[in-house]
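Common to both upcoming complexes is chain A, partnered first by chain B, then by chain C.
== the complex of A and B ==
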């Protein structure tokens, strides 16, 4: 049994409850004991670092110090934004001891930051610490037949200097995981495009435009559904989908799953426990594809052969 | 009794602004052995040198100290002034009060002046112990080695050979011609690359003074300027060139297909192949890595079809030696692999190609007969996006420098595209248009006006596939907005990088290279074709990205340097070399190990006068010795002496401060 510290973040207790629930199922299946950081606080999200640099470090730093009090060497975070703030704080603190000392004075009541706990997003934890083989071994109900567009958003792999995980432009870790579950990951060029993030509230049109483009490309890739590992991505792509369809006169009907929801299904948990009722776009149409045989399209004429054919004609 | 003259230079304002020159002169006058001291605005100018010459005669000076710039700059100038006045030039000492004082202590005039005084005192003290030295003459082997048979190597070899100096031209691939032979037409005149290159290739093969050794590599270089010994490995071609007529039956029948390097892998060649129809020499070679017979002992078709019986599967690599006096390195360039541009989908999309691939497609002798096609479906593209500076000028992706040739060849590509596909349109994303060169700006204008190429100033941020089109999203900086171009084909002008074998070759030759692998010239402005090692010269893109005119000019410059070097029967060399006092040498041979130039060997001498027993001592080849002094420092018996830097000279310097 492995042990890992867990920072749920505010979304997990609200809009992304289903993420939180399924993370727990996945962890249990994979024999990982999660220990929630006691008395954790807000990571600062988008607001803190637009107001004050010190505050944007101090808020996550308190959580980091609290995490160090637990005996686990790794902390995993489901929310991409929380992950980004914590990891950024850790990287900056570790690189700049002077800054670390200064910020530490703000949270000195909790203890001294030592930098001994590794920060990993849920996606990174699944990919690196669990491993594809182990995940594959636990699959009892393969989701083969599903074609999925894996959407990473902007924060899980970027900036590279902070995340130090996967490719910042064309990551493949989530694609590999859904393939391990039996599904087919579609070639999806918009996997790291911006969804509009928190502009959803202040300037919704931007989100409709940007998320609309992501949905369009996901549909074009042939996907039955989108997979995400970020609460805000999920809410923008799922909750705004009807608005987008209305504005651009299109019909996408693309359910947006959390990666862990699909893992839980593949691990044999009943659908009823996935809290699919919280989704705006119904998931049944996508889940109905499970078990289908995907026919590989005939390979188009090879470029080099075509070139040769051409030259022979000449 | 020494009589030293001290000449302190203002160097305009370079020294005078930060060092109080008159004070330095006054300080110099206080030194016991200084009989004359004076300052002047530019000591290196003719009036300045005249002051030195006059003072030598008038004051019967025995050594001279010039306090001015670095000896690397003007030591030779002042030495000449000394010899013009009838004095041994090695009685000169330079006190470097510019680089070592005024330039580095600009905020502390008093301190800089004191330091300049100290530097003068040291130079005076050293000069007193200076001895008369005389230039060394070393014999010279009048044969040049040219490494690389692209346009740079071809031009250098032809120019040297035309001066009736024998040249050995070594080329790694089966044919000379290099990158230029892959090009279609050349900017800014659009003359056909093959038409201007192939006659030169033939000239090389037929020139009585050129020995062409294709399919070979230099594996060792020993010796020193004028007297190098090169070992060349001739790779087994498995074809007897003497009997082969180049009929091509073997290639026709060979069943093995391999990606064709000459066509950038767009089509296939056979395992026994001639790189291209105009190849020189026009003889096939067997690619041992792919030949079924050589790998598995089966097949042998080429041997069966060869009427002359020229196929020889038992041929082995051969090492040959040449004695040469100078080397011209011309190993050329490669294109950077753009895979790190993941946002462009490089490697994922077939219809993103690099500029050499495009060049091959539009070439009349190319794999598509001169018509560009999409690698994915073979269709002729109507909208082509060219992206410049892919890799170049991009710190984040690895290369800071400008690749220099891309602006021009991209303009050329736009014109060629227009010529080949009339209803096409080129979109060119650029950062700047760098068109400095004769007829270059006009050429870019021609591309814009004549072909209607759309120049968009801005970077491309993403390329993605939509249907069978590639959507190129970038910024139009002039409109200040995002643009998306629906492209059929995308051509990346990727960075020009040196041949990947350069670092190994540089180590083999004993010359230096920069962080990108480009070979380093001795001085960026004043010695652009020489390397730091005497007798080794650089031509073409092995030194930095260059276009054809510049490459040819540099190659001819190399030839001039080689001819200059070979003009006499001997080469003059600085006398600052080490000598061994045999009587003190214990024969430990530590000096042999530390010498970076392999200038020290050992010899056996009689143990005593008339004795039969022998003992081993070190012996220094003064032709090879570069005067670095490593052997002097390592010698525990103090048996080695470096002329110009003897122990008394150094000790005098130390005592003076």
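== the complex of A and C ==
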């Protein structure tokens, strides 16, 4: 059995409870024991680094110091924003010990940062530490027939210097995982476009515009649903979808799943445990495709001339 | 170095470079950042122009621009920048300088964005974690827009999408102390 430290993040107790719950199911199936960081605090998200450099490092640093007190060498984080803040803090602290010492003075009474815990997003942990073969081996209820647009958002693979994972332009790790579950990943160009993130509350129009484009492209790719691994992406694409439809006079009806919800379904957990009731766009229409046979586009028929040319060669 | 630098006369450029760790002079104005940026159409000066304004020492104009407040730090620009400049870090440095020197763009949007971030940080100071419902309510009250997103409230609350409470931290004192210390560090760093 593997062991890993776990940083759930504020949204795991709020808007993305279903992400947290299904992460636990997936980890249990994959024989990974998770140890939650005791008394963790908010990473500061976008707001801390917008307004204050010191706070943007100090808030995550306290969590990093707390993580070092546990015996695990890796910490995994489901929320893309928490992941980005913690990893950025780690990279900057490791590069610049003087900065680390200065920021450490704000983390009162928890000890010194040493930099010995690796930080991975939930997606990265599934892809690198569990591995596609092991995931495939646990699938008892393949979700074949579903066509899914895998949406990574901006923070899981960018900037490359911080995340050091997958491609910042056209990542494929999530696509490979949903394929291991039996589904088909659609070719989707807006994989790493930004959804508008925290402007959801402070300037909603920006989110409607940016998330609207993502929904449009996902629909165009032929997907039945979108898969995400970030709570803010989920709530922008799901909770704001009706507003987007209304503003641009369109109809998408695209459910937005967390990757781990689909993994848990494929691992045989009952649908009732996925907390689908919390989704604003109902998921049933997408789940109804499970078991369907997807027709591959036919290979182009060879013309007479091509056949003739081939026979001449022979 | 691509552009001429005016040694000794470029205090603003040097301040931005020092704060961001980037070298703005590397920019050769290709504009790839503008075409990549998902919010450049909301900015009064897109990233390419901000870079040039810094080079030209247009300090006030740069600090008063709404651009840095709209930057989402999505890093799409820096990933595609042929000069590999960390543009989000430059944007952030300019924003921090604007806060330090009390330059606030005269725009309702920017004021709302700033207020949102202040409320968010206030939630962490009080609870150690973000209290989503309270944050949204305070934002509506403090921006005097009580009915914003109210149409979402019935579904979001009934479906349990947004919980009513928050699990506060045990060591709230440590967070309060951290805020005090961070403020001191910020002042030293000026």
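Note that the second predicted complex is superposed on the first by the 297 of 314 C-alpha atoms of A that agree within 3 Å, B and C clash if a C-alpha of one lies under 4 Å from a C-alpha of the other, contacts with A are read in each partner's own complex, and residues count from 1 in each chain.
The criterion applied here is as follows: contacts are C-beta pairs under 8 Å (C-beta built on N, C-alpha and C of every residue); 3 or more make two chains touch, one makes a residue touch a chain.
Note that the structure is predicted; figures quoted are calculated from it, not measured.
J.: May I ask you to decide whether A:158 touches chain B, chain C, both, or neither, giving the answer as first, second, both or neither?
T.: A:158 sits against chain C, while chain B stays out of touch.
J.: May I ask you to decide whether A:41 touches chain B, chain C, both, or neither, giving the answer as first, second, both or neither?
T.: So A:41 only meets chain C here.
J.: Where does A:190 make contact in the superposed view: on chain B (first), on chain C (second), on both, or on neither?
T.: In the superposition, A:190 contacts chain B only.
J.: Please indicate which partner A:217 is in contact with in the superposed arrangement: first for chain B, second for chain C, both, or neither.
T.: A:217 contacts chain B only, not chain C.
J.: Once the two complexes are aligned on chain A, which partner has more residues of chain A within touching range, chain B or chain C?
T.: Touched residues of chain A are more numerous for C.
J.: So, A:169: does it touch chain B (first), chain C (second), both, or neither?
T.: both
J.: Please indicate which partner A:288 is in contact with in the superposed arrangement: first for chain B, second for chain C, both, or neither.
T.: neither
J.: Looking at the overlay, what does A:137 touch: chain B (first), chain C (second), both, or neither?
T.: Neither: A:137 stays clear of chain B and chain C.
J.: Looking at the overlay, what does A:250 touch: chain B (first), chain C (second), both, or neither?
T.: Neither partner.
J.: From the superposed pair, tell me which chain A residues show up as contacts to chain B and also as contacts to chain C.
T.: Residues 168-169, 193 of chain A touch both chain B and chain C.
J.: Can you tell me which positions in chain C touch chain A when the two form their complex?
T.: 38-39, 42, 69-70, 72-76, 78-79, 86, 88, 92, 95-96, 99, 109, 112-118, 120-121, 123-124, 128-130, 132, 135-136, 139, 148-149, 152, 155-156, 159-163, 166-167, 169-171, 174-175, 177-179, 181-183, 185-186, 189
J.: Along chain B, where are the residues that touch chain A in the complex?
T.: 266-268, 342-343, 345, 348, 350, 367-369, 371, 373-378, 462, 464-467
J.: Spell out the residues on chain A that touch chain B in their complex, using ranges where they run on.
T.: Contact set of chain A toward chain B: 167-170, 187, 189-190, 193, 217, 220, 300-301, 303-304, 306-311, 314.
J.: In the complex, go through chain A and note every residue touching chain C.
T.: So the residues of chain A in touch with chain C come to 10-11, 13-15, 17, 39, 41-42, 44-55, 58-59, 62, 102-103, 105-110, 154-155, 158-160, 168-169, 192-194, 196-199, 201-204, 206, 210, 235, 239, 277-280.
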